[in-house]
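Structure first, commentary second.
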């Protein structure tokens, strides 16, 4: 099963971006680990990152058209991008919202997500392992569904 | 590694409680599946449920004393039990907040969690699989920590 | 038809508790009057009181399992106990929320009820007669339903 | 004892108005049933309806002058008519606020009542039976008062 | 100079309406005193009262057409009648909002006036004397204006 | 097809009422233009105006009974008349809310409409042309519906 | 009867301060006119102004000790000086809050008065005439009281 | 007269995007119908769509430079794009905000528009016909202006 | 004079619970020190702790029945337990609310106390000494009252 | 050890100021009692009062320079004087905020303190005894600190 | 050109006041540096400081009378002194609001300024250099104005 | 020292965009003046503008990598772009937020900045001179830092 792992703004800066908050692993490390975790779960993963809201919206459209499951770290778009939200509603397979840190333990503006209510579920706070759990969630949901 | 899976009020009613929301599996099914998932992860799990805030607080104290990781579904206590929150702050190992459903897609009062900000992370929306992911999260966090 | 009349915290103190607000009848008087009123309506009533949220939740579970109508005075739990609310949703027969006083005419925190939206209806402000009306409501709703 | 049953805007439309919400009984049915229930309680009831705030205010004045008990379904006026509220304060006998449906389980604007705080009590959610209970409440309060 | 003194809902009940709040003078007394005060100020006053929002709106229209100064006690309409507000904006002469009591010292809902921002000025809290001061205000404003 | 064009409070004052806001055309002009526009669309229009909430509610009832489409300018009632809202819910044909000005560009209290959520759609800001567009909307919706 | 007319911050600047808002009369003009108005009413007036909160508080103390009526324009202190409010509560004679302009028609922060709820009444919006009306209010209240 | 019809994010997905909400017509159908409606009105229309905020802003700049009327469906940008708002302020010809659905009848976040206050007017809720009405509005406004 | 010192949830964990916030003294130390301080004041103190809201409510009932003064550290119940509040209202002797830390200098949710408004007074922020001061307060209030 | 007891606006009026709220003891009584209580505790106390924010700020500066403990009754400044708050932050010894009454049981505006979060602790509600407890608190904190 | 640099409460304490926030330079250093910076800009600067709101208001009056530019650090008055705001409105030359720290990055109450909306502009966050920039701003604005 | 001056959406429209608000200078003028000002300060400035959030984010990344100081006019992004905010946190040199106008004196939505709390400081309200002051701020901060 193919899975898209989509990352929003500033996530390409992992490692150099506030390492005391996001850890010292680079974005390249994240891609590598996701591919490894996907292999372990027999998933075919593609990991992308963009700072561009419109590009992220189009990737969601692509996933909607092909009924591909999505692991989405909306990053800062979490808090205001209704354009992204309206795109996510169109998804036909599972959508897992994922966060490296625990937004509830950070600034007040991070306590609001305009994406959560249209996601299948949310995983937050486990560092890069949040992505591993998200991929496991995709696999688990798929296994529970008839026809998989 | 030992793990406590603690469930709050009304969760003993799984299966008969709003099955269109929480699914048709019973609480007994949940216990069985948690034990199976734990075995797969080489974890030693104990699953408990209570409708009593004080009992849940004491179980958290017990976990704090033994530095045991906790998977906690606070159920309705999520939204108001600062007593439970003050207990959770004392935990020394990982705390995973878990929800069967996606609270963000339900009533407004479920959008507020007084527990999230003191949890390591949160997993919500994947049905009973939320517990499986939570156990995997415990294992993953443990594997990342030196000394494990 | 059997009916459970369930009373929340501090209601066992009727008579001594703020008599200028709640009146001078004791909790024993309330029980006696409920039983008399029930007899007049050919109802088989059981009246209970507890200060313990978990015990009240369990009584609601019991009523849910036996499809028994409930007259509930949640007292202070009215304003914050989502655990009680989540229990009440499971009821299959009528649920009448009852208050001795008129909460709308008292402190602001009493204007909010987390129970009302999951009750069949509410009766408030008639002193002990609120219970009598609640029992009449149970009888009336039952009489309206086919099969009764 | 004479009782005025006063109904606010759109209640003359019972039966054709959102029957899935308000039921299929017509306003004529309501009048007939109120009269029957009143007879059973040895009350002398007069049932009126108006869409006109000023007319409703004048009926309340009439009841205030004659110290007549009032059963009032303020309908939409519940949520904004301070003119009606200021009239109700002048009542010298019991005022029972009554609703066919349970406003707490409907739109947010229906959760606010500007009338409740000046009513003796409130009965809501029991369909047409709400009026029956209201008449019983009038009778019960009267029976409790010395001189009746 | 002609002046209209217009009174909103429940003000025809002065004397019998909450005398501990509004005093024991009747509405007839108010009319008589306004006429006396007007004579002292060489004003030609007409005093009216209605419980009907539409009638009050039409009286304001009449005053707008004839450029007549208005002393308005909007009573409960103060707090919600935007229809009355939109009428008042059309006035071409002075508009004095008047209150017998001091709304700021009463219930919170009385602290909001939708009329004040379109009035020339406001006089509140001096009992029936508020009307006398309002008439004096009309005279004073007129005296200050060239052409009077 | 017959259409009712209903106008709320102060709209009979067009031309003299704040012409810098509402323009210099009179209410008579509005009636004439609506009739001309209706003829062009082969609609049979009746234009009415009232300052009286109850009368407006009754006109809506009339339209509900005859399944007549309604073009409604609720004027100030837009912001608080839940009585009007509850009437509008009963309509069976299209309901077009119309405003001469753009309420979003005016005072904050005009940003809230209690009518919009029960209207088919809204047209605002085009001067008297708003009514022309509303009549075209009625025609367009009718043309889209099978059976027309 | 002696009356204190007390003016808060920036009122000594009348004439030069925002004349398009406050008019072109100087503070000296205000004093002169107050003295003239007082003479007409057989009142013995003393007019003072200060920018200093503590001085204004002490003047209120002085009036409290001598049971002197006070006409108070709190100016900007209206919106935040609880010290002034706590002083005003001590007054034993009438307190008239007065404003030259109509605060309800100006910035939002001017819509809140911490003084109004402890004043006998308020007069606002009549330019310098507000003081004249305030002095008339003092005289009128005094005339109504037995012993005057 | 040339008109730009500009569509925001996710509108290129019409037909496949939530058809139960937006209908089954495709974006291509929308373009075709707009062109047909424009021809009927002797307008020269150009219809564009983008998911990219910056591109939409630039299209507005283009319309501002050429004083071209704009029909704008801002889609999700309606609720947060102040960049789009600041662009729209620069327009010199009419700006019609258009919505296929009725935002007031949907989620709370759709009740806020940051665009409405800078638009000439708004048309919402008539399905694709909203665009037809918008083009008619452009024609009507143009016809009303001297020089057209 | 007998005094009850009652402690709410998590206070039995003193010493191990967040020592950087609550200090390193154990709950046993607290008991010992309270007993010593009581002896110095000739008070007969009983110190209890519970994590159970119902048990705490019952202890308050016991104190109400015997008119015993209470020193109460409600801990997390401070912020939501209206059941505890309703119990406290019944107390006939002094009630001193006590906190080890200064809630005003901590998280926002700790700034709200549902207990304070029904306590005689509050002492917060002095570490374990807060209890000493509370016992001194009990003694001082008693000394001020006739009959002691 | 020297201690400054500083009192804010209107406290010099004790005895004459709202005796039903603040008691009948005069400010002189307060000074005398504080001096007696200080002697009992071997403290060297100086008691001052001012209605002037700037003077109070300067007294705090003086205490900051000499590292003197302060007992502060900010009176009305409690609710808005950020100038006083910014001064208090500079204190190096203990700061005890003290209130004669229990602000939580009074008007809503008294529930907010801008001082509490920068005080060591707060004592409120015990009448003049609040000062005695505050002095005991100063002594107790001093006794706990090494070097005292 | 003469410039007044006015400093509000606690700024005389620079150096000793929270040096980790405000830096270690003393108020004397600030005066010296301002004078040096002014000389470099050919400005004639006078630097003053007061803890007294009334004195600050009077200095603003003085600047208003002489049309002198003002650099104002309102310190804590920033957040509540409407008296100061009403004074600043009277200024005829440039008003630069200046802050040593960045209020937006500190406590929530510092995010609100009642002064900003009446200032020409604001400079915040550059330490003592904020004053240098403010003086440069005064010079730059002056240079842009005809007649300078 | 190199400095990046980055401008957000609609700033390329200077001169034609609301000249009554932003002035008549064009964007080209701004670039020229910034370069001149930079030369005077021996700074090497590069001035850029984009309407594209993602491009602006990438420029911030570039500045973060090279530790280049940034002068940022976020324009409309000021009010909602958390993506831009998360980028700015990564900057290692000074960040000066700059505005041509004074946002505090404009619409309410402009009073909120999501950028200010992560900027070194803010300069607003001085027209194009705001940029000159910002460049001076960069130079001043640099001069204060050891190693420059």
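Order as written gives the chain letters A, B, C, D, E, F, G, H, I, J, K and L; numbering starts at 1 within each chain.
Simple rule for what comes next: a contact is a pair of C-beta atoms (placed from the backbone, for glycine too) under 8 Å apart; a residue touches a chain by one contact, two chains touch by 3 or more.
This is a predicted model, so every value here is computed, not measured.
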For chain J, the least number of touch steps when starting out from chain D: 3
Any chain in contact with chain A as well as chain J: none
Shared interface numbering between chain L and chain H [over half = same, under half = different]: different
Equivalent-chain rotation between chain E and chain B, CA atoms, steps of 5 degrees: 180
Option in A-H, A-B or I-J whose residue-number contact pairs overlap H-L by over half: A-H
Euclidean distance of C-alpha centroids - chain E vs chain H, Å: 47
Length of the line joining the C-alpha centres of chain H and chain I, rounded to whole Å: 63
Shared-contact residues (touching 2 or more other chains) in chain H: 52-53, 80
Contact pairs between chains, per stated definition: A-B, A-H, A-L, B-C, B-I, C-D, C-I, D-E, D-F, E-F, E-G, F-H, G-J, G-K, H-L, I-J, J-K, K-L
Chain H-touching residues of chain L, taken from the complex the two chains share: 8-10, 13, 16-18, 50-53, 55, 75-77, 79-80, 109
For the chain G and chain J complex, residues of the former touching the latter: 52-54, 57-58, 61, 64-65, 80-83, 85-87, 89-90, 114
Chain J residues within the chain I interface of the complex: 102, 104-105, 113, 116-127, 129-130, 132-133, 136-137, 140-141, 144
